[in-house]
Structure formats: C-alpha cells, structure tokens
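Here it is: the structure, laid out below.
Labels A, B, C, D, E and F are assigned to the chains in the order they are written; within every chain, residues are numbered from 1.
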Amino acid sequence: MRPDNRKNDELRLITVQRNFTGAAPGCVLISAGDTAVLCSASITEELPPWMKRNATPESTKGWLTAEYRMLPGSTSPRTSRSDKPDGRATEIQRLIGRSLRSVVNLEQLGQRTIYIDCDVLRADGGTRTLSITGAFIALKDAILSIQDKLPKPDESVILDSVAAVSAGIVNGVPILDLSYCEDVNAEVDMNIVMTGAGRFIEIQGTGEEATFSEEELQQLLTLGKKGISELFRIQQTQSNR
Amino acid sequence: MRPDNRKNDELRLITVQRNFTGAAPGCVLISAGDTAVLCSASITEELPPWMKRNATPESTKGWLTAEYRMLPGSTSPRTSRSDKPDGRATEIQRLIGRSLRSVVNLEQLGQRTIYIDCDVLRADGGTRTLSITGAFIALKDAILSIQDKLPKPDESVILDSVAAVSAGIVNGVPILDLSYCEDVNAEVDMNIVMTGAGRFIEIQGTGEEATFSEEELQQLLTLGKKGISELFRIQQTQSNR
Amino acid sequence: MRPDNRKNDELRLITVQRNFTGAAPGCVLISAGDTAVLCSASITEELPPWMKRNATPESTKGWLTAEYRMLPGSTSPRTSRSDKPDGRATEIQRLIGRSLRSVVNLEQLGQRTIYIDCDVLRADGGTRTLSITGAFIALKDAILSIQDKLPKPDESVILDSVAAVSAGIVNGVPILDLSYCEDVNAEVDMNIVMTGAGRFIEIQGTGEEATFSEEELQQLLTLGKKGISELFRIQQTQSNR
Amino acid sequence: MRPDNRKNDELRLITVQRNFTGAAPGCVLISAGDTAVLCSASITEELPPWMKRNATPESTKGWLTAEYRMLPGSTSPRTSRSDKPDGRATEIQRLIGRSLRSVVNLEQLGQRTIYIDCDVLRADGGTRTLSITGAFIALKDAILSIQDKLPKPDESVILDSVAAVSAGIVNGVPILDLSYCEDVNAEVDMNIVMTGAGRFIEIQGTGEEATFSEEELQQLLTLGKKGISELFRIQQTQSNR
Amino acid sequence: MRPDNRKNDELRLITVQRNFTGAAPGCVLISAGDTAVLCSASITEELPPWMKRNATPESTKGWLTAEYRMLPGSTSPRTSRSDKPDGRATEIQRLIGRSLRSVVNLEQLGQRTIYIDCDVLRADGGTRTLSITGAFIALKDAILSIQDKLPKPDESVILDSVAAVSAGIVNGVPILDLSYCEDVNAEVDMNIVMTGAGRFIEIQGTGEEATFSEEELQQLLTLGKKGISELFRIQQTQSNR
Amino acid sequence: MRPDNRKNDELRLITVQRNFTGAAPGCVLISAGDTAVLCSASITEELPPWMKRNATPESTKGWLTAEYRMLPGSTSPRTSRSDKPDGRATEIQRLIGRSLRSVVNLEQLGQRTIYIDCDVLRADGGTRTLSITGAFIALKDAILSIQDKLPKPDESVILDSVAAVSAGIVNGVPILDLSYCEDVNAEVDMNIVMTGAGRFIEIQGTGEEATFSEEELQQLLTLGKKGISELFRIQQTQSNR
C-alpha cells in the first residue's frame, strides 16, 4: 500500500497554472501532489557567447538552456542556499535542457536564447521530471509570444511535445511517480522522458547500492509510458485553454 | 498623474497568501501590485557556527538571519541567476534580518536559528520593503509552530510588529510605494521600516545623482508613516484568519 | 561623560595629509582620532565595461566607482583578509560611490573612470563617513590633474562639496562622531552625508535590536548637520593650501 | 563501415597495466583504442566529514567516492584545465562513484574512505565507461592491500564485478563502443553499467536533438550486454595475474 | 648613469617609521626611494588550524605567516584590487614568511600565530625585499609586546636579524637595489635575503628571457651582501630608539 | 649513506618515453627514480588574450606558458585535488614557464601559444626540476610539428637546451637530486636551471628554518652543474632517436 493510497501505476494529482506571475512570457506553476515547481521561459535576443563567436549574420539557429534550483524553504528541514549548482542540480538542469532541445527546431529559432528556469517551491519527490513537464508548457507560451518574429513565422519550431515521469522499485514492487518518502526507500530509480509521438528522449535508470534485472527494467518502462501518456493529456487540456 | 492612477499617498493593492506551499512552517506569498515575493520562515534547532562557539549550555539566546534573491524569471528581460548575493542583494538581506531581529526577543528564542528566505517571484519595485512586510507574517506563523518549545512558552518572543514601505521624489513630487517605472525615475528614494508602536527601525534615504532638502525629508517620512499604518492593518487582518 | 572627554556634539581631532604617497593623482591620509583611512583617487582613460558597451563615440559621460577595505592590521585583534568584500564592505563602498557621484557632473567627465580606493589603516569607528570626507579631497586633487583634458576645461565637474559624519544614541544620549567603543554600545546608529549647500545625499538610521522615536531622529539630524559643517571648514582649509 | 573497420558489435582493443606508477595501492592504466585513463584507488583511514559527524564509534560503515578529470593534453586541440569539475565531469564522477558503490559492501569497509581518481590521459570517446571498467580493477587491488584490516578479514567486501560500455546509433545503425568521431555524429548515446551477474547498475540513454524508439532501445541494450561480457573476461584475465 | 644618479652599488634612501598607526603591536612604515610598504605584525593566541589539530597541550611551538598585497592606488596606472593573492603575490608572501621564520625560534613562541601583513602603499621596485626588511622591525616590536608571556620570558625567540635587497643586471651592468624603471629593463633579477651573521636565507636569481654566467652570479652576490650590511645598520639604529 | 645507496653527486635513474599517449604534439613521460611526470606540449593558433589585445597583424611574436599539477593519486596518502593551483603549484608553473621561455625565440614563433602541461603521476621529490627537463623534450617535439609553419621555417626557434636539477644539504652534507625522504630532512634546498651552453637561467636556494654559508652555496652550485651536464647527455640521446 502506498502512503497516499495510490495504485502502483497511478500519478499524483497534477495542477497547472499558466501565466502565474506574468513576468516572463512563459510562466507556469505546476504541482504533482505536494511537489511544486515554478517554470519560467524567458527569451533574450542574443545567442550565448560560445555560439555567437561562430555564428554568421545569416544564421537562423538559436539555443535553449535550462537552470534548476531548489528554494531553501522548499524542504523541511531547510536546504542551504548553494553558491553554485551542486552536482545534483547540474545533472538535472542539463537533463531539462537536452530534453526540451530535442523537440525544438533550433535552426529556425533565430539568433536568440530561450532560458528555462525551474525553481522548486516545494520538493516532495519527482522535481526533475515535473520540471520538464511544466517547462514544456512554459516553453510553448514563450514561443507563442515571438511566433511573428521567427524566421519562418508560419511554421512551428516546436516539433513535438515532451513530458517526463519517474518510476522506481520500492520493496521489490515497481511503482509510478514516487513521492519523497518512496524515493528515499527505492532500490531502483528511473526517469523517463518521452515525446508525444511515443519516442524516448532520455532514460536514466539507476540502482544506488542496488541493481536491477532486465525484467524489472521492462516493468519500469511500461509504468513510465503509461504515466507519460496521461501527462500529455493534461498538457493538452492546459494548452487549449 | 501616476501610471496606475494612484494618488500620491496611495499604496498598491496588497494581497497575502499564508501557508502558500506548506513546506516551511511560515510560508507567505505577498504581492503589492505586480511585485510578488515568497517569504519563507524556517527554523533549525541549531545556532549559527559563530554563536555556537561561544554559547554556554544554559544560554537561551537564538538568532534570526535572512536571505534575499530575485528569481531569474522575475524580471523581463530575464535577470542572470547569481548564486552569490550581489552587492544589492547583500544590502537587502542584511536590512531584512536587522529589521526582524529588532522585534524578536532573541534572548528567549532558545538555541535555534530562524531563516527568513525572501525569493522575489516578480519584481516591479519595492521588493525589499514588501519582503519585510511579508516576512513578518511568515515569522509569526513559524514561531507559533514552536511556541510550546520556547524557554518561556507562555510569553511571546515577538515584541512588536514590523512593516516597511518605500517613498520617493519623482519629478519633484513626493509619492508613496513606488512601482519600478517610478523608481527608475526617482530623484530620491527612501525606505522606511517601523514598528506597530510607531517607532523607527530603519530609515534609508538616498539621492543617487541628486540631493534632497530637509523639507523633502520630512514629506517622505510623513508618506512612509501613513503607508506603514495601512500595512499594519492588513497584517492584522491576515493574522486573525 | 565620553571616554575621551569630548562633548556630545564634538568631533574628534581631524588631520589631513594630501599627496601622501604621490602614486595616485589624489592620495589623502585622513584621520579622526585613532581612525585613519588612506583615500586614493585614480583615473583610467576607459569606461567600465557595462558603460562602454552602450557608449557612442561622441558621448562625454564618465563614471566614478569606489572600493573600501580594512587592512588586516587596522584592528586589534587582527581582521582576516577577506577574499571578497564582505556584506559590510559591499554596503560601504556602494555608499561612498553614490555619495561622490551625486556631486560630480558625470556628463562632462569624458569617457574615463575615477576609482576611489578607501583603505582603512586603523579602525576606531566612523570609517565609512571618514572615507567619504577624505575621498572628496582626493577626488578634487585627481580631477585637478586632468582639468585640461576635460570636455569643457573651463567648467568644474565638481558641483558641490561632500562630507559625512556619524551620530548615534548611546545609553539614551544622542552623541556625534562615535568612536569604536561608543559604536558597539549604541542603540541607534546614523550616518549622514551632506553637500556644502546643506542638502542631504544620504541618511541611514539603524536600530539594531532597538528602535528610535521621531524626536530622537530629529536630534541625530541636528548633531549630524553641526558636525558636517565643521568638516566642510576643514576640507576648505586643506584645499586652499 | 566504421572508421577503424570494426564490426558494429566489436569492442576496441583493450589493454590494462596494473600497478602503473605504484604510488596508490590501486593504480591501473587502461586503454581502449586511443582512449587511455589512469585509474587510482587510494584509501584514507577517515570517513568523509558528512558521515563522520553521525558515525558511532562501533560503526563499520565506510564510503567510496570518485573524481574524474581530463588532463589538458588529453585532447587535440588542448582542453583548458578546469580545476573545478564542470557539469559533464560532475555527472561522470557521480556515475563512477554510484557504480562502484553498488558492488561494495560499505557496511563492512570500516571507517575509511576509498577515493577513485580517474584522470583521462587521452580522450577518444568512451572515457566514462572505460573509467568504470578500469577503476574496478584498481579498486580490487586497493582493497586487497587492506583486506587484513577489514572488520571481517575473511569476507570479501566486493560483492560482484562491474564493467561498463557505450553503445549508440550513428546514421541509423546501432554500434558498440563508440570512438570520438563516431560519438559526435551519434543520434543516440547510451551508457550501460552492469554487474558480473548480469544485472544492471545504470542505464543512461540520451537523444541529444534526437529521439529513439523502443526497438532501438532494445538493440542498444543487446549490444551493451555483449560488450560488457567481453570486458568481464578481460578483467578476470588481469586479476588472475 | 642611473636615473637618480645613484652609484651602481648604492642603496636608495631608506626611511623607517615605527608604530605608524598604533593598531597592531608591530606597525612599521618603511620606504626606499619612492617605494613604501606598511608592515604590520599582529599576534593571535591561537595556532593555525593545520597545526592545532596535531598540537599537544604542552607543546610550546608557534607559527609565523605572512600576507603581501599591493593597494590599488600604489601604482599609476591603478592596479586592480585582487582579493585573492595572484601568482606573484603568492610567491612573495611565501618568501616573506620563510625568511622571517628562519630567524624565529618557533619552538619557544608558545601556541600563538604571528601574522605579518605587508601592504604596499607605493610601488617603485623592490617591494618584496623592502617588505622583509621592514617586517623584521615590526616583528621585533610585536614580540617585545609579548616577551613576558613567552614560555621562556628571559630568552629571545629572535635568533638573528634579517634583511633583504635586490640586485640585477641592466644593460650588462650589475647594479644594487633596482627601482621600477630599472627593474623592467633588467636582464637578470636577483633577490637576496641574509642574516645579521652573514648567512644566506634565500637566493633567487632569475633570467626572464635571458641567462647569466657564473661570473655575473658572483658580482650580484657581492652587491647584495654590501647592500644588506647597510640595511642592518639602519635596522639597528631604528631599534635602539 | 643515502637511502638508495647513491653517491652524493649521483642522479637517480632517468627514463624518458617520447610520444607517450600521442594526443598532444609533444608528450613525454619522464621519470627519475620513483618520480614520474607526464609533460605535454600543445600548440594553439592564438595568442593569450593579454597579448592579442596589443598585437599588430604583422607581429610574429608568440607565447609559451606552463601549468603544473600533482594528480591526487601521485602521493600516498592521497593529495586532495585542489580547486586552484595552490601557492606551491603557482610558483612551480611560473618557474617552468620562465625557464622554457628563456631558450625560445618568441619573436619568431608566430601568433600562437605553446601550453606546457606537467602533470605529476608519482611524486618522490624533484618534481619541479624533472618537469623542466622533460618539458624541454616535449617542447622540441611540439615545435618540430609546426616547423614548416613558422615565420622563418629554416631557422630554429629553440636557441639552446634547458635542464634542471635539485641539490640540497641534508645532515650537513651537500647532495644531488634529492628524493622525497631526503627533501623533507634537508636544511637547505636549491633548484638550478641551466642552458646547454652552461649559463644559469634560474637559481633558487632556500633555507626553511635554516641558513647557509657562502661556501655551502658554492658546493651546491658545483653539484647542480654536474647533474645538469648529465641530464643534457640524456636529453640528446633521446632527441636523436
């Protein structure tokens, strides 16, 4: 039995608030159970320095990058504010960036940079996958705000949708969308990022001080695919509003 | 005429959401017009290292410290994430800490540290004074959660209430509670922090590339006192809920 | 009775040595009682990067910035040399910069940067206000050395003089120009920066773990104005040499 | 056709030199084709600070941690020396540490820390997986040197062997053990870490600016398992010397 | 002919002001020509952490360490403030520390640390050797202030005196005590540190983009010994005051 | 008697492997007894920023710089990986750079930078001098690879050879090429860098907590010259292969 009585293949309740503060063109407050992440998508009309150096004036390629942090008050006890993204945050923000880039046609973004900022307001497990799911909605809103200024204003630079979810094995049982108290007891932890077309963007399966069999791997993949298909339904409902 | 048609001595609309995410014992989302700050108050059962070194076992003195940051997506264009507080953030978080400490009886807090985290979700002027006003509400909620564990559980360690507001001179006219577009044009900028009993905690009046007369100083003080008395009414309404 | 028998409204003995080492065009060793600060004003024929980026070739606007540090041997016991300016130093050097900029016509400085370096050789209270008072003399000497190269060589880019002093309430009594042992016991601490024309540049009144009434505020302002008018007399005597 | 005429499921030539410099108790120079990594395993008789704080005197639990860096001369053109691990190095060293910890019985290591240092002498693709494969051999040598001092000297604290390999999809074709020029052209990149018993420790499959189907995932897993079984044969040959 | 008409084996004019600010127990302003260094010697009743860890309660060994910085205004044009010592400053402060430690009986200092701070107020060549010569005087004054508290109050912990000077080859001619404009043109640069008893503490001879013969080495050593013997005379005169 | 039965004027066994990994154009693994250093020489077709700023298009001057680090596993117990080069590493890499620059005709190198990376694989004393001796061989190989592209392809930009060795006084006896256990007991430590033509590039003689007489200085110089002449023979044998 799971602490909140969920079934093993059941997601937590997902809520989405688009345009939450209105400061950035994409600004989404997404929550899954007690986990809440503020996902902002900002756009600057400039390439990052490493791209700018080599870009020709006629190039239409842009870039997307992501930052991830947990606010100190997002956990109890409080998490110290860290000087630099620590190892875990570095990994997560690289994952968020890669995941979103894989569905954006950077070649038609124009010489601009999209910044995705995922700031965790409350952390109860699954912050990295929820960040990806929420950031995609913010990204869509942000790109909508510059659609007219794109090199090809009539084409979408978003090639597919993206959502992500966690799965894991706790006490030998594969379950979907782990909360924090499940996560700390998990023998195996897997994060799955997929496209709306059902293709994988990223799979990360880790057994910290444990290992997993091929059969368990397949069970986790099955759970993940089920969860992600539900997330896409939620994303779509949101976007149509 | 002010951009949002306010009178010169009129505050922006203030909204307060207590227990916003529920992670920290005090967790307040406060907004004034378009400015929004998430104020968390967390408590750790440990003194900061510099106090711990010199504390005797029977000492009942505690500490309160504050951190202030702007989320990157809180402004448009986006603000670069600075994990270390820059000069401005350093000044502000020191001000927040001093202001709240002046109404807390640290001697009866017990050997613990209260962390105030003010994370600006949207910045449209007045973030430092709004942080103080909101943080005081979060502080009260947090202390309520440990009231039973205090050295003297029957006494309040909060000696008075605190609120803060800005005033300034724009185009020669003294006005209250400046929004961002007023702030950048201000000749003189003043931040005032006061207690519920009507005493000053802090006055900072600054003329960047400008100066001000004694008469203007008095006008700004009058505006500030009026605004703060309204903020105390709002705080009280909130606290009674 | 004050430790050095001063009257409550009496400054410490002020001494000024212009051209102290001769390395920088402005180089002033100023002391107030046991507090001694070396104030250097250096000029580089280049804007700071953030201004340079946006400056047109015909722009005549320059910049002035300040740095403040305490030498490790300026206190007993020794102060550790800090990697970066700590919170206090950051606040102080921003105050010094703002104060001097408010009397310089940056628009007629030409595309150059004036660096004010205030290095405290001995710290016995009042280092920030003494830094401002001394730095103004160094600034005048430095600008004199480039007067011929200014966009308008016949006009002064220094619009007014600047001096600063501290006042505070110790054991309930308002006093002027606090030494270190008075400062640590002060209930209220105020720093006042004014122009020769009698206008305020900056007022910072702080009650650390204390508060102050409107009447006390006015008493401190009166003390400050008296002290500053004497400092202007001393500055003028110096400049005429 | 692969650049070095390998078959799609063929490893590069693997060479292993144990006790390469003799400074650390485990010191292995491992190479796969042109990629060469120096893997050192050092042991200190002290827990890391975060464990030490909470360890009881009778606890027998130890720790293992890993660091990964590329020497500047390991690539052409030269890679700038980064003393702090960048995002990529952070990810890799966390992966190495997790992978080795999953086969070490930390509970019976005693209050000591094993440091795994993987310094890449030449980088031609697959440095992270080769680091794991080589570090396991160094780890075994290092633990052998303290076997007598372990809490249970008659039991092995190494529970299983570990090896790792990369697989990827290049021009639509799944291949094993990518060299650098294959890696930069890969649509999908997968790193697989397994135990000698055939269980997974870690799977990381990434489509940077690309995605992959379920069928492709299975093909990559099959390649990886084949490569890893060969690496175990090589490790065993080495260990018996 | 040298720029200031000195003979090739002639020192610049040396001035010494003991107890310059009075904050630290040793506080010497020393100048050689236009070069001026403030040398402070402070004493803390605590060992540095790395010594403290291994010190037994009855140990009487202390430590001496040095820091060296150039104030930004010490050069024209201004030198950027580097809070961390750069490569050059690191070398110099290590040299100062080693030089003074070689004449102090650390074993009889007691468990305390002497901090030598050499802050260059004006830099015109020879700052590192002048720092050593001045710091020795400050060190003597500082130790005098704790002579009564030493483990053996009747014995001197200063075993010999120390002074240092530079010599170099400019346009093929060996000269003593180079000023800045000589230093930048020098083919060979040598710093010599000696004891009052005529023994070497340190010799550093460097040919940047040049080399020197054995004969030239001997000529430089001869110049250095002559200069240092004069510096000892000056030190002694000072100390007797 | 020395620990390894060497005579007082005898070098340790020197081995040299040119083209060790093949990644950089110069890549030498050099060892002296148990000390082993990997010396890489890489070439980038760009000046360092500080030179680039002032270089005219027709300038043919280049630069050479060096970095030195010890791998964590090069010592037992392990050396912590340091964030930045510490004071010792900073000194050493500056010495290596100066020494090699003194025999390179930078004026005919073209607008490129040579990076010398000396990474110590095993540290048993004499790492800095062995780095210089090995780096010179790597430098020659690297320059050979660009000889055709030099401004004057028919002239050598290497003006002379360079080698270095240590000497020291242990228990009152001057000895050559100290191993680690000799080095820690040395009263005096000297590093000597010379050219093939028998001229000095650098002499650094240091008495940490000790001093040395003029006679001892001469004995150390004699030992150093003998050792260096043997190193030149070894370098030459290598280069002719």
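For the reader, a short list of remarks on this structure follows.
Keep in mind that, in the parts below, a residue touches a chain if its C-beta (ideal position, glycine included) is under 8 Å from a C-beta of that chain, and two chains touch if they have at least 3 such contacts.
Quantities reported herein were computed from a predicted structural model and do not represent experimental measurements.
Path length between subunit C and subunit E in the chain contact graph, taken as the least number of steps between touching chains: 1. On a Cα centroid basis, the chain most remote from subunit F in this structure is B. Chain centres here are Cα averages; for subunit A and subunit E they lie 59 Å apart.
Between the Cα centres of subunit A and subunit C there is a gap of 50 Å. For subunit E, residues touching at least two other chains: there are none. Taken as a contact graph, the chains are arranged in a single closed ring, with each chain touching exactly two others. Starting at subunit D and proceeding toward subunit F, the closed ring of contacting chains reads D, F, E, C, B, A.
By the touch rule above, subunit B contacts subunit A in their complex via residues 20-25, 27, 34, 36, 38, 40-42, 44, 67, 69, 71-78, 81, 83-84, 115, 117, 119, 121-123.
Residues 87, 90-91, 94, 98, 101-102, 106, 160, 195, 197, 199-214, 217, 221 of subunit E touch subunit F in their complex.
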